[in-house]
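A, B and C label the chains in the order they appear, each numbered from 1.
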Amino acid sequence: MTVFIIRRLMQSAFVLLIMSLLVFVGVFAIGNPVDILIAADADQAERDRAIAALGLDLPLWEQYLVFLKNAAHGDLGKSFVFNQPALQLIVDRMPATLELAFSAMVIAILLGLPLGMYAGFQPHSRTARAIMAGSILGFSLPTFWVGLMMIMVFAVQLGWLPSTGRGATATVLGIKTSLATWDGLAHVLLPAINLALFKLSLVIRLSRAGMRENMLMDYVKFARAKGLSMRRVIFVHVLKNILIPIVTVLGLELGSVIAFSVVTESVFAWPGMGKLIIDSINRLDRPIIVAYLLITVTMFIVINLVVDVLYSVLDPRVRLAEAKA
Amino acid sequence: MASVIERDATTEAALPVETPFRRFVGDFVRSRVAVFGLALLCMILLIAVAAPWISPQNPYDLRQLDILDGRMPPGTASMSGYTFVLGSDDQGRDMLSGIFYGLRISLIVGVMSAAIALVAGSAVGLIAAYFGGRVDSLIMRVVDIQLSFPAILLALILLSILGQGMWKIILALVTVQWAYYARTVRGTALVERRKEYVEAARCLALSHARIVFRHLLPNCLPPLIVVGTVQVAHAIALEATLSFLGIGLPITEPSLGLLIANGFEYLLSGKYWISFFPGIALLLTIVSINLVGDQLRDVLNPRLQH
Amino acid sequence: MLLKLLRTALVAGAVLCVPFAASAQDLTVGLSANVTSIDPHFHALSPNNNIAGHIFDRLVHQDERQKLTPGLATEWKVLDDTTWEFKLRQGVKFHDGSDFTADDVIASLKRVPWVPNSPSSFALYMRAIKESQIVDPYTIRFTTARPYPLLPVDLANIFIVSRKAEQAPTGDFNSGRATIGTGPYRFVEYLPGDRIVLQRNDNYWGPKPPWPRVTMKLITNDPARVAALLAGDVQIIEAVPTQDISKLKNNANVQLWRIISNRLIYLHVDSFRDQTPLVTDKAGAVLPNNPLKDARVRRALSKAINRPAIVERLMEGEAIPAGDLLPDGFFGASPKLKPEAFDPEGARRLLTEAGYPNGFGLTINGPNDRYVNDEKIVQAIGPMLTRIGIATKVVTEPWATFASKGSAPNYAYSLMLVGWGSGTGETSSPLRSLLSTVRPGFGGSNRGRYSNPKLDAVLDEALATVDDEKREKLLQDAGEIAMNDVAIIPLHYQVNVWATRKGYAYTPRTDENTYAFEVRPAK
């Protein structure tokens, strides 16, 4: 197990290195940040000064080496537009995004699993059909469109919830989170639902498919024949088997939830990492783009590792020794 | 897993009445909803193919657009005589024609990118799972890089370098999607390949290719189709999102997603038709794809057969 | 279900919303662009300057029409052509209680070029100053190398910080440690990407602002910002999207405030190269001669554009067709210059005269996230040009890629839509940056590399003429030279629109700034 984890981490470090190079070159190919950042009435002298001030006068490979050297000391560079360490800016914004992603996942699972299991248990019932039809809506409509609709209905017309922004925060265990205040919860609800919609559909579909398959399996018949109650069979035995694909997919999806929060965050003016990254792309703020990617990829690698370990716990047939990838 | 082997036996016996295809059709039409979905999908495909002949206007021809025709509500007559059945957008584009042409683009983008990604991704995933070891490790690291790249960011960087265009968008969408299939297939295949029937097949000294494609693949299909149908829809929606963020397709040749994104600005203003009708078209398309996909999944799933 | 949802949403705009409940003590503002730093000398960027304008004062202020008014300097005069004397306001206190004197001005001027890593430095606005000299604590003299009439306008860009902050890094301003100004509001909190919170400065030397506490929320998504106003979460928003204006006009809870802006939207034309990359024959091969060098062809393009239609249909009336660099009434705007009339026949005639009876092929480029409805305007111009025989392709992209490709040294485009806001409020700004021949200190944004020695000569003379009356005449002449040669193709001036909840009033500004201290309770 330990060998597995160590090897995995070393491979990941290599991945990070390659990726940082790709992003470095990629962002360079898009354009020159100074063209975007500089005041319109600046002249050529001011432009040259700005290019030098941001370290963009060096050849690209040299810029990359400087970056690597600093990165080795934990310094991922200073944002061009904020003049603050990129890492710090991202870490400051992280709680907002994580609480949004976390709330979205909780909503997706709490609603999706029971709905999907029901739809799989009674596949031909009217309710099941309605659930499935509803789940299609979840991924048919573009997130930004649904987001605005939700603001219009729940904030503007009904006035139940605030329209945009993050609410008051409170410090819990050293982390500033808005999930600890009522105001914060009220603010997070709409964007979290918006972000959850796609995942909700996915969970419904996965758990329905899993339920349908497992109910036909021999072990269910045996368990029933042994006299176990339907409730026990479903909530203990079937649930455990359904969870495998769901855990895999959701593990993968947590990364994508964080990435896709870009859209939700910009519609709901949510001050998280997603909004930071899209703004940074629009301003070609390379230090933030690179740092953001390194951080999300690292998070993702950790999530994958956890998923694989969980996998082996949930399904003994998959052994880590062979899943050493 | 006796049922699987049994089924193989019957297929190979090839009874004259029950060919696999007939049985497949028979299973498929059992669900009325699925047949409805299929009919709808066929109709949508037909419209998409026939768009140039049935549209009152060529919305991609700049000479036919006039902003003086812009934002007309449904039913208004245009300056060149025909009626804007579903209204017009701010550039004077007939929404009906725009939707017909947009369907074409959205379907090509969604289906092509999902299909290419599915084929590429599942091949990679199967290879990883079947061979294991170093091959698996290497492939899965690449998949990890891929999946950890936020799709939108990757697409944005790719498209910024490539420029605009439909095939460039497809390329970008394949790049962000293939890894989903690879991982899903690998996950399932890892479990499947430990099962007795694969070992049985190995004992029979069947070729690698035969084991992978005839035995492993069919058993990996259910989750693949679940992910696949979700991904076609997802690809179309992702394309819309990229349009919303201002990259992707050229503005003069809008897809359904781009039409919705353009109309988005008018949502609060009461000019609902600019994004409502393309929204409905997108909805119907995705719903029909999913109805068909759902039924396919049930029919194709060897474990649901009895 | 969807239908119902949609219908509800659609009527929502008109329906009476949540009863207005916020405390009369507080003001919440919805801003449209990101604020990236509280350091007033770090990045010359309008959203940052907007916030800095609450906390810090400048020697010279601009009123809502960008006329210069006394700020921390009560008066200024030219001693000789190159020496200016500024009298400072007495009895002004910084937020920390210390007195404001000439030392603070000198400290600020030293800090401006010092700020490390600045992507766009305010030193630009100090380039004319050769020497600064303290005469007494409330008198300061500046010497310029050459006669420089724009010194007071330039100084209206430089925020005065406390001398204690001379060496303070940007981070100290974002955290509040060094954020000590003399402005109407003091700094409370800055949450990047989220909000800026300000507290009234009760010792302010000017009129007392009505709101004790102000929250500036950053809501960059247009419909979301409108929704926040409709929901009553904010009391005023800036940059109201044109699409929503007609609906908001009929909303009893909302009031609109508008003024013409200093921002011109125009087409920049490559009139420099002998071969320009995106002008082709109908088969797609680059033309051997650049037709855009011919003023007749440029005028033909201008005549082909139906400006009133763009204004009416795409801008919902919130723009004014343009024929000059700044609207009438701005310093240097010529009363003789009128917008080119829509005349496709005349355009075709001019093309024939210039030797292109069958037109040619052309790509028009533009950004899609920079100016009001930029993408729509570019798209609408496509068919207009196509109708006079110029087969036009339309390409739009985010500013992030557009800006690099379209500017020096790439110059990848032949015809492009851009905008220009004159921070100085006079035409010297666009003449100098957009139309002057590219040379040191000039033509920084001249993306078409237009070059006209006659124009350069008049402009240079204007920039060295301290007498306002003479200078305005020269600027008008320069503008007429450029416009009669169709150096650029002006489209329209934007109109700046703010929306407030009922019960609030705002004095709209030509410079697009949203100042909380200028929001008043309406009677």
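What we mean here is this: contacts are C-beta pairs under 8 Å (C-beta built on N, C-alpha and C of every residue); 3 or more make two chains touch, one makes a residue touch a chain.
All figures in this text were calculated on a predicted structure; none of them were measured in a lab.
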item: Most central chain, judged by mean C-alpha position against the global CA mean; value: A
item: Chain pair with the higher count of C-beta pairs in contact (B-C, A-C); value: A-C
item: Distance between the centres, which are taken as Cα means, of subunit B and subunit A, whole angstrom; value: 22
item: Gap in Å, rounded to a whole number, between the CA centres of subunit C and subunit A; value: 37
item: Distance between chain centroids, defined by C-alpha means - subunit B, subunit C (Å); value: 44
item: Residues within subunit A bordering two or more other chains; value: 30-31, 137, 148-149, 152, 281
item: Overlap residues in subunit B, where contacts from two or more other chains coincide; value: 160, 245, 264, 267-268, 283
item: Two or more partner chains touched - positions in subunit C; value: 2, 6, 9, 12-13, 223, 227, 230, 369, 398, 400-401
item: Interface residues, subunit C side, partner subunit B - complex; value: 2, 6, 9-10, 12-14, 222-223, 226-227, 230, 241, 243-244, 246-247, 306, 309-310, 313-314, 368-369, 375-376, 378-380, 382-383, 386-387, 392-398, 400-401
item: Complex interface listing, subunit B residues touching subunit C; value: 62-68, 70-71, 90-91, 160, 164, 245-247, 250-252, 264-272, 276, 283
item: Complex contact set, residues of subunit A against subunit C; value: 30-47, 49-50, 53-54, 78, 80-84, 89, 92-93, 137, 148-149, 151-153, 155-157, 159, 162-166, 266-269, 271-272, 275-276, 279, 281-284
item: Of all residues in subunit B, those that touch subunit A in their complex; value: 33, 128, 132, 136-137, 139-141, 144-145, 147-153, 156-157, 160-161, 180, 183-184, 187-188, 190-191, 194, 222-223, 226-227, 230, 233-234, 237, 240-241, 244-245, 257, 260-261, 264, 267-268, 275, 279, 282-283, 286-287, 290-291, 294, 297-298, 301, 303-304, 306
item: Contact set on subunit C toward subunit A in their complex; value: 1-2, 5-6, 8-9, 11-13, 15, 17-18, 34, 36-37, 39, 42-45, 116-121, 123-124, 169-171, 174, 191-195, 217-221, 223-225, 227-228, 230-233, 369, 398-401, 403-405, 407-408, 420-421, 423, 429, 432-433, 438, 440-442, 444-445
